[in-house]
Structures are given as structure tokens and as C-alpha cells.
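The first chain written gets the first letter, and so on, giving A, B and C; residue counts start at 1 in each chain.
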């Protein structure tokens, strides 16, 4: 009889232990990186380019990587948005949900969502040979956009599904076309959700290293053309850790802090937006 | 009619329930008679469901709830410290607004309670399942498909399954939270009939806002309005000669 | 006039969005056949069975046996799943069924944050904490010597990475289970744990399975974090403390040289194709299982 209560206590204990462990790991991750990188973090790192001998521990910063990452992720997010927004319009307003194509498209998005970024990287490399391009900002943007499309598409699809049927009917019954309804009514209603989806995809893109490694190359300078190679933060961290000099490794940790801060800011902003705008929605 | 001949099964003494700062039940003092159908009548939002959940301590899981006063079941304070909550809940079967079958077979739904309380014997379980499905008037409809998921039954059948499931833990009290509100008229009638046939052995406490249902089955009526007991007494008296003007207004359909 | 322009716009929009909607499917097809096309020279020169199951890997001699890499991938993924699955389930049950709402609301953004951290960060952390933990502590405990750069380190870093993702999905699954089902069980005198075990887990089973699948497919393809701690040794791992070389690490580490060695580029594209197929098969199986569970229920 009392076994029932004992069992409950045992499992409750396990759960609390697991949760504490997870919280501890989060603290350790943020703690170690802060601790290791704080010493090397400086304004010089943020606002200067690597000078000659930077990777031997001499002067300079990682402005190239910061700017490059923003260029890559920003461009990719823009490209992915222009492709995935029509896709979700189609899925939700231009077709009947039980017909074949939307099922195929949704399934494809699911599959693509699970495709590892290194595979996108390999595919980007294929594109490079097919299109006779070099490793460049353009190729990096295209590859990252492929990575972002399923993330954005699925997130926006979920948002669009939540739009009340009555709201659509109200618009249709005023004589609006599907396009007008989607563009003028739905977009306004779902804007916070869309912005959140965009930010999530942006966060994934800016942190991704594997696909960029194969397609975007690396440079110590700022990139001014789509056809030049471009630096990125994750690779800056990776390469600096690979050097044998402790000073340079420390800069890798500092770069990790910068990347984490960017991700934190993105996730904070998207949370804020979601919370702020959800008050004005018709539900 | 004389109230003194009822033996109270549940006694509420100065019960107050707060959600945060909001007082949803106000100073409820009430005796619920043994082996009768007591109907708590009142418009929606008057605290009926809260009152039921106070009785089987399901309110424990709602955040920010504070309960003052006493709830005695068979003379025992169910909010006393150290009380075994599962034993209290086992004493009361609950029928919710929408029938809530558990995600398992018809058989396992009925056997769920007895198994939890330690019954392992296959034969005894079989007997038990059959007995309670019969009492709920469901046996003939489901005897050939006991292994099917309970979700495949119609809503009316599901509600009777819930009744059988509740009875199988051998409670003394049946709590019904508008148990017919999701059902069609035919199924509602089936459930009502079951409840009436059960009152010889069980104390039935039913929450409803359907006046005619109260007329059909109630022995004893409690009229609850805005968290207060306005009036209570034997059914004929409250329904035919209400004393309080608010009860009169409710019965004539002016407030609902 | 205005009206006909509106209709034209509608028709044009219809055409455009229909076209766009075919893109995901095309992307899969083109990616798959593109990778295979590039791998063709290698596939023509050696039998597929030999490529997959041979352990000989020396690109300069033209020997490309993928078995060590396939096993490396399986090792780290399995370790990650075995560690992360029970932990994330326990965390999710605690947060959804036991914790006070305040704690739950605090935990959600934390979990999302962890799920969103870049893999390089996990890799850095893995080098700083996990590798020494495995090399100096766990290896000693088991009486072996190890540098720490091992499949165990890779698996543990992966486990930490997929834990928040899995937990997040399971929490969503639990949230849509109606409170009334729990109350039905509790009102029969079940304890909270019995309710979780017999009702919540049962009702949530397909969703929990989906969460695990998601975790596994993330683990299968994770590159940088694993690459940084797994040792990158070309051999089939025999124990937790051996180094390994998962497929994604193979591609990332060698893309620089692949144009200079014959057939090397084919081999790396084949590695990507294998990874792609693994992920697709895995998703497909999971979907099949989910579909069957759903059908049996209703």
C-alpha cells in the first residue's frame, strides 16, 4: 500500500535532480565562457580588424567576423523570407489542405528541417561547382537561406494556422480576394508571429558554422561585394581555438561571448515582441 | 418535511474559498444528506464547480487558491494535516461536464481505479468490470468490444463509462458536475436514470443549471448564487415555495 | 478596370505562390540527386557494399571505407540519446506536472535559450569541461587512460545540446493534454505520479516519441560541437573512451583537401548523401510509427 507513495517520492526526487542538473549545466556553460573570455574581451576586439600576425597573438580584433556574420545571416534571412512567405500563403489560403501538394510541401519542409547543416554545406559546395562560383558571401547567403526556409516556413505555418476562420470569412465576405486577404488582413494579424519566426531563423543562421565553412570561405578584411569571401563569428571562434597560442585561444572565448550575446539579444527581442503584440490580436 | 430525519454525510462549516483576492465561495455552511440526491442549483459562474472541487480536493492543484473553514466527510476533516488525500478522493466518484475517458481501452478504464488500489486478480477484475458496466447500463452495448479504445464510444456511452469507472473504486459519494451538459437528450435521460437508481446506496451530489433536471431527480436542493447559499431544503419546498426573492427570480427565469 | 486589375493580381499571386510551394520538394530531390551525381565516380569504381562496410580509409591509395565513420556517428548519437532522453523526460514532467507556475515560467525562456545556442559554443564548452571530465575523471573511474577526446565526450556534448530541444517539445505535448483527463484519474484516488505514469505519458506517447526523433536527427547531423571533442580518429570505436570520427566531422575537416586527391570529393559528397538518407529514413520510420499509434487510438 505505502509503496505507491514511496514510488512517487523516488520519482519526484529524480525529477528535481534532473532539473537541477540541467540548470547547473546552463550556468556552467555561460559561466565558463564568460570566465574564460572576459579577460580578452575589449573594445579593440569589437571594432578592429585582425592585423598581421593576429593569429600569433598580435594586435587586432574580429570586426570582420562580426560584420560578416551579420551580412550572412541578414542576407540569408531576407532571401529565406521572400521564399517562405509565399509558401505559407499557398499552404494556408490558396489551396485546400487535404489535397496532395500542400501535404507534399509540408512533409518536405519537415524533412528539410531535419537535414543537418553540413549537408546544406555540401550542397552549397555543389552549387559552387555548378555555377562556377568561388566561396563567397553570395554562396553563403544562398546556403544559409536553404537552412532557414524550413525553420521559418514551419514556424510561420503554425502562426497562420492560428488565424481564426471567422476573420478570413469576414474579409472574404467583403469581397476581398485571397491575395488581398492574405496580404492585408492575415499579415497584420500574424505580424508578431512572423517577426518571431524571422528572428528564430536569424538566430539559427548566425550561429551556424558547418554550412558556412564549406561555402563562404574566410577573410581578414571586410566584405564589400557579394562575390568575395566573408568571415563569420562561429568560424572565427573555431579557427582561433585551433591555434596553439593561449592568447589567441582566449580571444576565441571572447568571440564566443559576443556570439552568445547576439543570440541572447535576438531571443530576448523576439520574446518581447511576442508578448507585446499578442495583446492587440483578435483571437 | 422534516430535515432532522436526514443524516448528514458531508458537512461544510463556514467554508470560504478565495482565488487570489477574489472570494468565490462565501461562508458556506451546509449538511449534505446521506443517500439522497442533492442538487446544487444556480446560474453559471456562481461557484458550483468550485464547491465540488473543494469536496474532493482537486482544488489543491489550482494555483493561488486559499481555503478556509471545514469540510467534514463522515465526521472527518478532509483538510486536516496528514490526511491521505488519495483515500478521500477514492471515497468520491466524479462525473465531469464533458465525459473524460482515460486514453486506454474500455476495460482498462473501469479497471483503472481498482488496479491502482491494489487489485491484481484477473478474475476479480473481470467480475468487477462487468458488474459496474451493468450498473451503468453499458454492459450490453460494449461487452464484445471491451478491448477497444474508450475514445471510440459515443459521448453518452463515454459518460456512462465514466460513471462505471467512478463506481468501480467503491466510493460512497458521487459528485456530478453538470454531467449531462454535453449529451443529447436520450443519453441525458440514461445518465439521469442511472443516478436515480444509485441513490439507495450512494450519496449523490449534482451540480446543474438545468431547472427541469433538478425537478426530475432532486430530493434536496441547494440554491447557490454569487458564491452564497441563498436557500436550501427539500426539493418540493424550494421548488414550489421558495422563501427568498432571488430563488423566486431564478425559478421564474428572471436570472439565469 | 480596377476590378480586373485586382483579379489579375489575384491570378498572378496564385501562380507565384503555387510555384514557390513546390520549392521545398524540389530542393530535396535536387539535393539528393546532386550529391549522388557528384558521388557517382566513386560509386562506379567500387561496390556500395564495400564502400559502406569496409574499414579501410586511405584516400591517397583510393581506399574509401565508410564503416568507421558510420559507426562513429551511431556511437555518439546513441550515447546522446541514452543520456538526454530520460533526463529531458524527467525535466519536462517536473516542469509541467509538479513545478509551481512561477518556476515553469522562469524555465521556459532558459530552455529556449539553451536550444538556440550555437553549436560552436557547445563545442567550446565541451573542450573546457567535458573533455577533461571524461579524460581525467571518468576514465580514471573506469581504470582506463584516455585523452578525453572520445565518443563519450562527443555523446555527452550532444546530449547537452539536444536536451533543451527535446524538453521543449515534450512540454508542448504535455500542455495540450486536457487538465480534465488528469482530474479524472486523480478523482479515482490515483496519486500524482500514478496519473503521470498511467495517463499523461500514455496520452503523450506519440508526441514524446516525436521529440526523441527530433533529438536524434539533430544529433545525427551535428557537426562542429562534436568535431571539436570527439578526437577524429579513423577507426571503429570499441569503447566509450575511444576516439571516433562521425560523418559530419569527416566532411567538415577535409573539404579543404578534397579537390587535390582523386575521388576524394566524390567520397565527401557520398558522406553527405549517406547522412541525408539516414535522416530521411529516420524521419520516415518515425512518421510511420506515429501514424500507426494515432490510428490505433481513434
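Just so it is clear, contacts are C-beta pairs under 8 Å (C-beta built on N, C-alpha and C of every residue); 3 or more make two chains touch, one makes a residue touch a chain.
Computed from a prediction, not measured in an experiment: that's the story for all the values here.
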Chain pair with more C-beta contacts, B-C versus A-C: A-C
Identity of the most central chain, Cα criterion: C
Maximum centroid distance from chain B, chain identifier (CA atoms): A
Whole-Å gap between the CA centroids of chain A and chain B: 52
Distance between chain centroids, defined by C-alpha means - chain A, chain C (Å): 17
Intercentroid distance (Cα basis), chain C paired with chain B, Å: 48
Chain B, residues touching no fewer than two other chains: 86, 116
Multi-partner residues of chain C (each touching 2 or more other chains): 191, 194
Chain A, residues touching no fewer than two other chains: 4
Interface residues, chain C side, partner chain B - complex: 100-101, 178, 180-181, 183-191, 194, 198-199, 202-203, 296-298
Residues on chain A engaged by chain C in the complex (per definition of touch): 4-5, 7-8, 11-12, 14-19, 21-23, 25-26, 28-29, 32-33, 36, 83, 86-87, 89-91, 94-95, 101-102, 104-105, 108-112, 114-119, 121-123, 125-126, 129-130, 146, 149-150, 153, 177-180, 182, 200, 203-204, 206-210, 213-214, 234, 237-238, 241, 252-253, 256, 259-260, 263-264, 266-267, 271
Parts of chain C lying in touch with chain A, wherever the complex brings them together: 6-7, 9-10, 13-14, 16-18, 20-25, 27-28, 31, 34-35, 38, 86-87, 90-91, 93-95, 98-99, 107, 109-110, 112-114, 116-125, 127-129, 160, 163-164, 167, 191-194, 214, 217-218, 220-224, 228, 248, 251-252, 255, 268-269, 271-272, 275-276, 279-280, 282-283
Contact footprint of chain C on chain B as seen in their complex: 56, 58, 61, 63, 86-87, 89-90, 92-94, 96, 98, 100-104, 112-113, 116-117, 149, 151-152, 162, 165-166, 169, 175
